[in-house]
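Which chain is which? They are A, B, C and D, in the order written, and residues in each are numbered from 1.
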Amino acid sequence: MSDLLYSEIEEELRSSVRDLLTDHCPPSAVLAGCESREPYDLALWRSLAAELGAAGLQVPEEYGGAGASLRETAVVMEELGRSVAPVPFLGSAVLATTALLACPASDLLPALAEGARTAVLAVPLSTAPGAAFPSGVRADGNGALTGRLTSVADALTADVLLVPAVDADGPGLYAVEASATGLGVVRRTSLDLTRPLADVTLEGVPARKLAGADTAPAALERALLTGAGLLASEQLGIAEWCLGTTVAYLKERKQFGRALGSFQAIKHRLADLWLETVGARAAARYAADALAGESPDAALAVAVAQAHCGALAVRAAEECVQLHGGIGMTWEHPAHLYLKRAKADQIALGTPGHHRNALAGLVDLPGPVD
Amino acid sequence: MSDLLYSEIEEELRSSVRDLLTDHCPPSAVLAGCESREPYDLALWRSLAAELGAAGLQVPEEYGGAGASLRETAVVMEELGRSVAPVPFLGSAVLATTALLACPASDLLPALAEGARTAVLAVPLSTAPGAAFPSGVRADGNGALTGRLTSVADALTADVLLVPAVDADGPGLYAVEASATGLGVVRRTSLDLTRPLADVTLEGVPARKLAGADTAPAALERALLTGAGLLASEQLGIAEWCLGTTVAYLKERKQFGRALGSFQAIKHRLADLWLETVGARAAARYAADALAGESPDAALAVAVAQAHCGALAVRAAEECVQLHGGIGMTWEHPAHLYLKRAKADQIALGTPGHHRNALAGLVDLPGPVD
Amino acid sequence: MSEMDIRTVVRAFLAEHDPATTDRLDFLRARFDAGLAWVHFPVGLGGLGAPRALQAEVDAELAAAGAPDNDPRRIGIGLGMAAPTILRFGTEEQKSRFLRPLWTGEEVWCQLFSEPGAGSDLAALGTRAVRDGDGWVVDGQKVWTSSAHTARWAILIARTDPDVPKHRGITYFICDMTDPGIEVRPLRQITGEAEFNEVFLTGVRIPDAHRLGAVGEGWQVAQTTLNNERVAIGGQAIPREGGMVGVVADTWRRRPELRTHELHQRLLKAWLEAEVARLTGERLRQQLTVGQPGPEGAAMKLAFARLAQELSGLEVELLGEEGLAYDDWTMTRPEIVDFNGREAGYRYLRAKGNSIEGGTSEILRNIIAERVLGLPAEPRTDKDLPWKELAR
Amino acid sequence: MSEMDIRTVVRAFLAEHDPATTDRLDFLRARFDAGLAWVHFPVGLGGLGAPRALQAEVDAELAAAGAPDNDPRRIGIGLGMAAPTILRFGTEEQKSRFLRPLWTGEEVWCQLFSEPGAGSDLAALGTRAVRDGDGWVVDGQKVWTSSAHTARWAILIARTDPDVPKHRGITYFICDMTDPGIEVRPLRQITGEAEFNEVFLTGVRIPDAHRLGAVGEGWQVAQTTLNNERVAIGGQAIPREGGMVGVVADTWRRRPELRTHELHQRLLKAWLEAEVARLTGERLRQQLTVGQPGPEGAAMKLAFARLAQELSGLEVELLGEEGLAYDDWTMTRPEIVDFNGREAGYRYLRAKGNSIEGGTSEILRNIIAERVLGLPAEPRTDKDLPWKELAR
């Protein structure tokens, strides 16, 4: 059986990340950031990436990374979820970095690993593992890209876009510099205030081919599967914040002459939520461990973790709003930041329903023959 | 909009039936009856049918019935559900009588209407409206039947069996006397202790044809739809008994120095259950009214009522067992009679899932194209 | 009075007041004076003392004739809460003064009940009203007040006696929203808009003639308001697929490419629940064609909130990539909540409030358990303590 | 001690005791004496003072060698509840006397805790134990006692002081089930069988040497028993698709004609929950490889009960017409509960008990809320009252 606990090193990493976020990313700052024109806190990103080395955890030392694994990366995701931190970690350190690690060309890795640059895998955030290779962008004979990609997370501030495109040889993965001529990156109004989306248009944009038909589809799939698996850790972090914040509030808030948290109906709901959160921790840990070890069980572990954690984070955030009563409906209370992130995460990289359905194939529980 | 209330006449009928059942069919008597060799309380049946005229409510006066409607029949079903009464009402007064009313031959009706004889529609209790015409029994050129039908409710004491069979002209409905040679009616051990099932075997059994290819399928379908719709009233009765009994127990039973019913988690669950029960009453009434008026909305009304009430009765019975604690798990407490009836009713005449799925076609909400 | 009779009355009214040529406000005032505003109200107060059920007939006849309505969504608090309370507890003078402009929409009403420290436990409220000559002086803070910025009048509950247990020291007032002591601040919600307000009351003067009910009996008066609010929120007659379910069903039909078996099962389940809730409401209305609403109204509000949340959450998932978008975060101050005028993300967020506003779903379950099922109350320590000694 | 070390010990033991030629009971006794019964117990009491996690290694090695086991399902109460309590609170004499025949299965144990009037509120129990010379005399009624008819010994809690609050007047005993004052009556359940018993105690004599823990401290002792019970019920290591989910998945695979989309979605959901529960349990075991079980055990029992009920209900529906049947209503007195040896209807009914026996799911949620989440207790009126003055 896998190790479902956290190692001492992982706990130390968690504690450093949490300290950083507590200092630089309190809810008030996140909320203020949402209303500014700057979608991300790039100072925070630099601290996270450069000082703590979080961006390069899964990158081997030979490419300037920490040579740790996806287990440690998952710990960072947990903490970022707990703070709904506005940093491009999922896009750059998880999706793009994983894709690059599976490509023959590796020269982009060092800059990403040290956080000097950020990259993004240019697919809609809602793309699930197992999706067909995107056909919305075509590459001409010179490797210039034309086409459109919508709802790309973390693209607004990315220095490099990794664009799946189809050329004469079939599917390929191309690198496009953010400064390239003919590239348009337009912000969308997104439900999740803390992870903005952008639409990307390419009109004959010069690009460099990173992987061809033999490796590009596998690199994309590995990135999506890894993203989905690690998103479960982010969702765990969201759920834990929501549960913890709600419990703390209900211990304090008095109605009818006693703490609201002493009412049994509230207690039982929170006990159930706690139980699901404990389950989420086990499932998310298992997914991270299976991905880190490239276990044959990884696809199943990811499906289980996403299906469970994706639904849980939403439920936890919804309970957080509800049990805060009116105050939870106000813009000034941070609960909504978590609700919006949780709801968007539910769609990101495959809905819980999608992942549950994937189980049918993975564990031989086929549906009816219509 | 339909009349979803109970008329004064309906309330009087309810009150007569309830009085009879309170006197002759307390839970202790039902439990004792289950352990005897007599599957039904035929004395009770005679009082119900002969004295109150309950068996012939939907039968026109010209055939010896009360000339009332399925609305009143539904009220009887509610009360029988509330008492898990061991009488062949569903089989004889609902399914068989409805089928006969849709057949050209009507000579069997008077005896059924006055309760002098009982009949049964010989199909598995799990048959849902919309099912294909059964092909398990064949009629030869002389109208003799051969074949097998399983899990028929109320067949053990029936005087006449209405058997769907296929002959040279196609589907037909045949009447078979219980005393006929070659007929075997064998009791099964059933989950529901108060509505026994039997398997029926026919080996060249003489039979009389009641309806041919032009009317038999419609008669069968009308019977199944009506049975499903009125079963919702039985399920409502079950749910109301379970809710009422549980509430009464929790007002009395003290733990931790106070009535269990004063604990908020329990209260909230019962409030939710009450809300679903109120919904069941509206849905069951609507189905009975739509069937009584042969409304074009009847199929939809039945699907809604069955899908809701079928699930509710089980939930109410399960909550009844759980909230009675250990005592609810004992054979001597009547809760299990309701649990078993509710669970069997959930399968009878189509599961809630089946009926919910029927909505897809009825209200134009088609599933995905695989 | 029968349906036939009422139709005759409406036609006679229409013969004298042609909607095509009569000024809107004149038409509404005349309709009120003819007793066709709310037929179950008494004669002289906009009604005919007729069965409530006949109102639907009146509305339909008038709508068919192209008559203007009083834009009920804009004045929902007046119609749904203030009016039934004034009718039941108001003096003759109050009824004559307030009901007509309330119904015609000339005067908008709002409700000053909730406070930051008194939400579910509304009876714990701390806004003080102190006797001063032939009137009262009010100081305190209210919250979750919709329409406060457009309202002419408010229904207000305030504490007039802090020395008795909380339910007994409350008095119910009609408050003039133009009083200089009133400050209204928009309260931004998670949807981005500010549908509600915070209201600060500083030395607000209310004449004793604007008291509704006896001094110290405001809690009983407020029960009428709250029961009517719940009926107003959860108890409207709706056609099949009315409300949120229709929006989702429509998307489902138009967009076959979005369908999955998982979503299909959830949609069928929600559709079923919506239809059962609709039938439940219909049955309740058949039972309540006359009489005051009871605790059953709470049940409909509970069902409505659950459905709105389930369906709006489902809708966002169904839309997939499109569900990641939001239409507009700009802070606006809408006069009307229109779930259908905005996109899925808005509906999802706004529906979260349905289980909080007008009584949380938790409080409604308490009400059902205790008042309908008769389950015993929880041990209470706050009921007999003077308000000023309560734990906060 | 490492896995390697323990394997060496087991092999040395097997070299001296060939399972093929050694009498079963002799083998088990020898295994106990070699410290291979429960390796985390102290040396001399069936253990080696080794980490609990190594037990799996020992069991696997012995099983591979064809060794007999102690039929743990038959003696579950002894192993899961009596043993850890005796180990923690027993005197040296009690440990030496009771643990060996308990483990080998020579002496079966049962538990005399619940009473008709004290279920969830176990501390309200009324069975009296009165001091009499160097012993005690016990009178009362217990219920829900499995194995009472086969048991040699019972763990018993009884009231020794009615004048103090209920938690403080309880004492914990070891009770001889062959005492003539004990009458055991089978208690038939909704499944038809009588897995449990009612036990009537009339003038039962217990020597003071069979008291476990101090007089009046029985409640604290019982907590150890109950926490261990919950771990025993909900905390076993299970393979993927172990338990009820495997039964249903198997039927699903074998019977394609029964499948519908509705059932498919429910099955996938339940399968997912079962896998998450399995991982949760595994993570808990990794955390608890040493140390006493805490309230987390309650969580696993809660999850297990919910799953068993969901899946067994689903199975009956999946079977359709076959789900209407039952295998056998004959009243039997099984020694072992075997969910898999019976048919779907039995599993459905028996699983209803999973959320009641060993602490109802309601009580477990209270425990999680208060002991894990630290939410405040409800106002209690019964905690400080003398037991004899409690409302019943």
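Operating definition for what follows: a contact is a pair of C-beta atoms (placed from the backbone, for glycine too) under 8 Å apart; a residue touches a chain by one contact, two chains touch by 3 or more.
All values reported here derive from a predicted model rather than from experimental measurement.
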Touching subunit A and subunit C alike: which chains? B, D
So the chain most remote from subunit B by C-alpha centre is A
Just how far, in Å, is the C-alpha centre of subunit B from the one of subunit A? 53
How big is the gap, in whole Å, between where the Cα atoms of subunit B centre and where those of subunit D centre? 41
Where subunit B and subunit C are represented by their mean Cα positions, the distance between them in whole Å: 42
Residues of subunit C that touch two or more other chains: which are they? 260-262, 264-265, 362, 365, 378-379, 381
Find every residue in subunit A that makes contact with two or more other chains and list them. 258, 263-268, 356-357, 367
Sort out for me which residues of subunit C touch subunit D in the complex. 261-262, 264-265, 378-379, 381
Can you list the subunit A residues touching subunit D in their complex? 1, 3-5, 247, 250-251, 258-259, 261-264, 266-268, 270-272, 274-275, 278-283, 285-286, 304, 307-308, 356-357, 359-360, 363-369
Tell me, which parts of subunit A touch subunit C in their complex? 124-126, 150-151, 188-193, 197, 254-258, 260, 263, 265-266, 314, 318, 321-322, 325-332, 335-336, 339-340, 343-344, 346-348, 351, 353-354, 356-357, 367
Mind listing the subunit B positions that touch subunit A in their complex? 263-268, 370
Contact footprint of subunit A on subunit D as seen in their complex: 241, 249, 252-253, 256, 259-261, 264-265, 267-269, 271-273, 275-277, 279-280, 282-283, 286-287, 296, 299, 302-303, 362, 364-366, 368-370, 372-379
